[in-house]
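Naming follows writing order (A, B, C and D), and every chain is counted from residue 1.
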Amino acid sequence: MNLNFASDNTGPVSEPIMQAILAANHGGAMPYGADPAAARVREALRGLFRWPEAEVLLVATGTGANALALSGLVQPWETVFCHRIAHIEEDECGAPEFYTGGAKLTLVEGAGGKMTPGTLAEAMAPVGTKGVHGVQRGALSVTNVTEAGTVYTLDEISALTAMARDAGMACHLDGARFANACAALGCSAAELAAGFDVVSFGGTKNGCMAVEAIVLRDGAQGPEMGFRRKRAAQLWSKHRYLSAQMEAYLAEDLWLANARAANAASARLAEELRALGAEMVGQPQANMIFCRMDRAAHDRALAEAQYYVMDAADRPLCRLVCDPSKTAAEVDRLLELLRG
Amino acid sequence: MNLNFASDNTGPVSEPIMQAILAANHGGAMPYGADPAAARVREALRGLFRWPEAEVLLVATGTGANALALSGLVQPWETVFCHRIAHIEEDECGAPEFYTGGAKLTLVEGAGGKMTPGTLAEAMAPVGTKGVHGVQRGALSVTNVTEAGTVYTLDEISALTAMARDAGMACHLDGARFANACAALGCSAAELAAGFDVVSFGGTKNGCMAVEAIVLRDGAQGPEMGFRRKRAAQLWSKHRYLSAQMEAYLAEDLWLANARAANAASARLAEELRALGAEMVGQPQANMIFCRMDRAAHDRALAEAQYYVMDAADRPLCRLVCDPSKTAAEVDRLLELLRG
Amino acid sequence: MNLNFASDNTGPVSEPIMQAILAANHGGAMPYGADPAAARVREALRGLFRWPEAEVLLVATGTGANALALSGLVQPWETVFCHRIAHIEEDECGAPEFYTGGAKLTLVEGAGGKMTPGTLAEAMAPVGTKGVHGVQRGALSVTNVTEAGTVYTLDEISALTAMARDAGMACHLDGARFANACAALGCSAAELAAGFDVVSFGGTKNGCMAVEAIVLRDGAQGPEMGFRRKRAAQLWSKHRYLSAQMEAYLAEDLWLANARAANAASARLAEELRALGAEMVGQPQANMIFCRMDRAAHDRALAEAQYYVMDAADRPLCRLVCDPSKTAAEVDRLLELLRG
Amino acid sequence: MNLNFASDNTGPVSEPIMQAILAANHGGAMPYGADPAAARVREALRGLFRWPEAEVLLVATGTGANALALSGLVQPWETVFCHRIAHIEEDECGAPEFYTGGAKLTLVEGAGGKMTPGTLAEAMAPVGTKGVHGVQRGALSVTNVTEAGTVYTLDEISALTAMARDAGMACHLDGARFANACAALGCSAAELAAGFDVVSFGGTKNGCMAVEAIVLRDGAQGPEMGFRRKRAAQLWSKHRYLSAQMEAYLAEDLWLANARAANAASARLAEELRALGAEMVGQPQANMIFCRMDRAAHDRALAEAQYYVMDAADRPLCRLVCDPSKTAAEVDRLLELLRG
C-alpha cells in the first residue's frame, strides 16, 4: 500500500509502460532518436493533436521540455508571460532563463493559478513600450492543469492565446498534466492543444518513468530544436527507451485512462475531505487538492502517509496529489488516518 | 542475434539492471534524489573511488555529466584543455560552452587520441600570458578510454594531471568508458580516478539504460552542483529509477564484469579482423576498433550487420564497437559476413 | 539656450571635464587601463568612499556598470531583489540577465519608487524555500536617486542593506544619480555608500561625456571584474579618456557642485510648476520632476522645449529633468512657454 | 615627442575629431542614437561602402563591434571560422563566446596571419558532418589588416568569402584597421567591404577617441542589432559624442589620410630597421612591424621609447606600431635610440 500523496511522481510506472521498456531491450536499435519507435511516436502525436506537420522531440524531464520549448520561441531580449505560480517561474531554478540565454519571465496575476484576459492585458501593457530599453513581448506560456490544481476551460485558453497571437507572440502549453486536464474537461487532446505553437506533453507524472514530448506544431522548427536538445544534453543515446515509454503511453489511450483514474481518486478524496471538515483552497479539478485541516489530523496521517504541509498555521495548508496508481484502499486508509 | 556494432549504446540493458528498475517500481519513494537508493549509491561510489568526502549526482546522459562537471570547474573567461578529438569538443554540439557560460576549449594534439606532456605544454604555453585580453587556464579534461579506442596508462594520466595541478587547474575525467579503461588496465577504480577532481562515471554505454554519475571528490561542491543540475533540467523527478540502475551497476562489480566482456569480445574481433587482412588504425585497447578493410567485405557485412564506415576510401575506415552483450556467436557471424 | 528637459543625458559635458579630455590628448599613455590617471582615480574614489581597499573599474555606460557589478555578486541560479521600476528591470533590455548568465530579478513593491523593509521582506519570504527547485537569494540592488525622483534617506538604506546582509546577500547601489542623492541628503559620499559592496558611481548623467565607475569595496574582487569587463567588451583601449573624465569630475568636488546645480534648478522649476497649478506625482527630491498639467500647456511648451509626456490623459503625466547646465534663463523660458 | 610605438591606441585623437567632440557640446540632442548626426553617419557609410540599405550602429570598443556583429550571424550551436591569431580568438577574453551564447571559434591556419582557400577548406571539412552531435558552420570572420601586419588582397578575400557563401555561411570583416588596409591596397572602402555581410569599421586605432561602426549590409538586421547593442550595454546615452567622432572621421576622408600617414611612417621605419640589420618577421604591409634585433638595441630604445618585446630570444621579437600621429622626428628619434 503506497500512501505517498506528495506528488504524482512518487507513483510507479504503469505496467504497460514497464512492459514496453522490457520489450525494447530485445533487438538493437540505432541510437540518438534513429530508432523506429521514435517515428511511430511522432505519427501518433501528429494524429492525437491533429497537427499533421508536427515534429516531436522526447526528453526525460518536464523542466527540459519547458525550457527547450521556450528557447525556440523567444529571443534573449524578450519576455515570457506566465502566471506568478507557474512551474517555469517557481520550480525550475531558472532553467528557462538558462536555456533562452537570459530572457525574462513577466508574471501575470490571477486567482486559482489562472491568468485572465484582464490580468494578461495588465501585464502586457507596459512591455514593449520603451524601444530598445525594455525587453520585448516574446511568448505566452500557459499551464494546464495549473499549479493550483485548477483547469482552464477551452474558452479561457483560447481567449488568452488569441490575445498573445494578436500581439505577435507565440504560445506554449506546459502540459505536465496535459492528460489530467483533458480528462477533467472531457475534451480531446487536439482541442486542448489548439491555439498553441508548442506543447510540453507530459508523461512522467502520469505513469511513465521519465519521458516528455516537445510537440512543435510547425515541424519546420524541428531541426533547430534538434540542435538545442543535443546541446542541452537532453538527447538520449539509448533513445529507444524513451520512445518505448511514450509509445505505450499513447497506445490504447493509456494516457487518458491513467489521468481519469488519478482524477477520480482525487475527486473522491476531496469529497471525503470536505465531509471531514477540510476547507478547500481553490477548487480541485484534476488530481491535486489544496486544503486546510486541523493539525492533529495531519499529525496522525503523516505518521504513516506522505504529503506536503505548506505552512505553519493551526489549520495548515496541505497539498495532496493522486497519481494514477492510487487505489480506493489507499485513499480509504489515508482518510482513516486523518479521521483518527 | 544483435549484429549492431555501431556503438556501445545500441546494446541492451543488462539483466540485473533491468531487474533493479522493475524492483524500484514497488513502493513509493520521495522524488528528486530524496530516494534512499541515492544515498546508497553515493556510499558505494565513495568506497569505490576511495573518496570518503565525495558527493554524487546522477544524470541520464554523458554529455550532461561532462557539461555539468566542467561548469563547476571553470569560469566563463577560462578554457578547458582537451584532446582535439575529445567527445566534449566533437560530439556534444557545444554543450560545454553552453553549460559553462561560454568558456573555451583549447585543443591539444597527440597521436592515438592521447595528449602527452609535450603536447599539453605546447597548448598551455600561450594561454594566460595576455592579461585580461586572453582567456585563462581553467581545467584539464582527459578522456579514458579515448575516442580513438586507446587507453591512457596510470602513469600517462598522472603526468598530465600533475601538470594541470601545477598550473592551478582542476582536472576532469570523461569516464564514459571508465569501466572499459579499468578492465583494460587491470587497475582499480580508485587508481583510475586518482588525480582528478571530478569524474563523469559512465553507465549508459556499459549496460545501463541511461545513467551517469558526476562524482565530485570534494563533496563541498555538491550543493552548487545540485543547483546546476536542476537549472540544467537534468534532475529527474522519479530519481529512484536512476538510482536503481546505478546501484545494480555497482553491485557485485557488474560494471567491471560488463566491461571485461565487452573488451574481450572486441579483442577477439580485432584479432580475427587482423587475420582477415584488416589494417588496424591505432591499437584497439578496450572495446572499440578502428580499421580498414576492402569495400567488398564491408558491403557484404553491412547488408546484415551495422557499424560506422567513416570515409569513402577503397579500404574505408570503419569503427566497430562491442557492447557488453556481444556474444561469441554474434562476433562469429560478423566475421563470416566479412569473409564472404 | 538649451530647452531640452528630457533627461540629464541631453546636457553638455562640463567645461572642466572637456578640458581634461583635451589635456589627455597630449603625451601618450599605455592603453587598457594602464594609464597613470586610472591609478589616481582609484585613489580618489578610495578616499571619497573611505574604502581603503577598494578597486575601481571605469566603463562608458551606466547599464554596463550595473550589469557588471551584479554579475560579480550573484550566481546564475540566484535572484536580485530590486524595485519594480528599477533601471535594471525596466531600462536595460535584460542586460543584467545577460551579464549574470540568466539570474532573475525579483521585483519589490513600494510607493515613490522606494522599497521598504516590509515590501522587501514580502518579496524575500518565498525565495529560497524550495530547495534546488527555486532560485536562491543573491543580492539586493538599491537605486538612489530612485527612478521616481525620490531619495532614500540614510536610515532607509541601512534598514534595507541590513536585511540583505542578514539574509546572506550582497548589496549593490545603482548610483547613476549618486551625486544628486548626496546633494539632496546633504551627506557625504562615504555615508551614501555605506552598507554596499559595490557601487555604480555615475558620471554621465551629471556632466561627464561617458564614464561610470564600478567601485568594489573589497578590492580582492578586482581581478575577476577585470576579466568580466574585458569579456563584456567594456574595456577601452584609449582608457585615458575615461580616466580624464572621472579625474576631473572628482577634482574639487565638481561631481557635487554639478549635482547641487541640477537639484537647485529642479527645485525652483518644481516650485514654479506648482504655482502654475501642476500636480506633482511623488515628491521631486533631486533633479527629476513628475507632474501633471493641462495638455494645452504642454502643447505650447513642446513646440520649443523637450521633455517626456508619458500618458494620454487630459492632464498628462510628464517627466522633466534638469541636468547640471540648466540655467535660470532656461528654466524661466520653459515656464514662460507653459504659461502661454 | 611621443615615442610610444606599442599600439595604434597609444596615439592622440586627431584634431578634427577633437574639434567635432567640442562642437557636439553645444546645443542639446536627444539621447541613445536619436541625435541627427547619427543619421548623417549612416548616410555617409552607406555611400562609402555603396551599401544603400545598410544600417549602422556605433559602439565604443572594437571588441564590442566584433562580438555584436558575430552574435547577429551565428546561432549558439554554430562556429565561426577565423585565423588562429585573430583578435576575436586571442585578444577578446572570450567576448565572442559570451555575446553569441557560447558559439565556437574554429581556428584556421595560414602563414602571415592569413587564411587561404586551402587552410579554410581543411578547417571546414569536418564541421557539420556529424548531425546534431557537432556544431554547425556558422560564419567566416576575416581580419584585414591581419594581426600579423599583413594585408589580404581583394582577390584573396573574395576567394575566402565565396567559399563561405557557397557553404551557406555569412561573412564578417574585423576592420579594426580597415583604413590601413584600404591605404595599403589602394582600393576603395566599397571594394574592401565587398563580399561581407557585416563590417566592424574601426575608428579608435586610427585617430578617434573611442568609436567603431557596426555596418550591416542588410539594414533589415538593424532592429535586432539595436536590441543586442542595448542589452550588451554598448548603447551610449550621450550618443552624439560617438556620432561626432565618426562624422569627423569620415569627413574629407580623414580616415584614409590618417591611415596613409600611419602606413607611411611604418614603411619608412621598416626600411630603416632593415638597414639597421633587423630581421623582418613577415612583411609589414600596413602600420605594424614585427622584427628581430639585438637585445642591446632594444635595451637602449626602451629606456626612452615604448613598444612590445614579445619573447626572450637573444634577438627578441618585437612589435612596433605607428599611429597616424607619428612624425618623422619621432621615427628618427626611435631609430637613433636603436642605433645607439
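The rule we apply is simple: a residue touches a chain if its C-beta (ideal position, glycine included) is under 8 Å from a C-beta of that chain, and two chains touch if they have at least 3 such contacts.
If you're wondering where the values come from, they're calculated on a predicted model, not measured in any experiment.
Listed by label, the chains touching chain C and chain D alike are A, B.
Among the remaining chains, the Cα-based centre furthest from that of chain A is the centre of D.
If each chain is reduced to the centroid of its CA atoms, chain B and chain C end up 51 Å from each other. Distance from the chain A centre to the chain C centre is 42 Å, each centre being the mean of its Cα atoms. The mean-CA centres of chain A and chain B are about 33 angstrom from one another, to the nearest whole unit.
In chain A, the residues touching two or more other chains are 76-77, 92-94, 98, 101, 132-133, 227, 230-231, 235.
For chain B in complex with chain D, the touching residues are 76-77, 90-94, 97-98, 100-105, 130, 132-135. For chain A in complex with chain D, the residues that touch the partner chain are 32, 75-77, 101, 131-133, 136, 224, 226-231, 235.
Across the complex, chain D is touched by residues 2-4, 6-7, 9-13, 18, 21-22, 25-31, 59-64, 67-68, 92-95, 98-99, 204-205, 209-210, 227, 230-238, 241, 306 of chain C.
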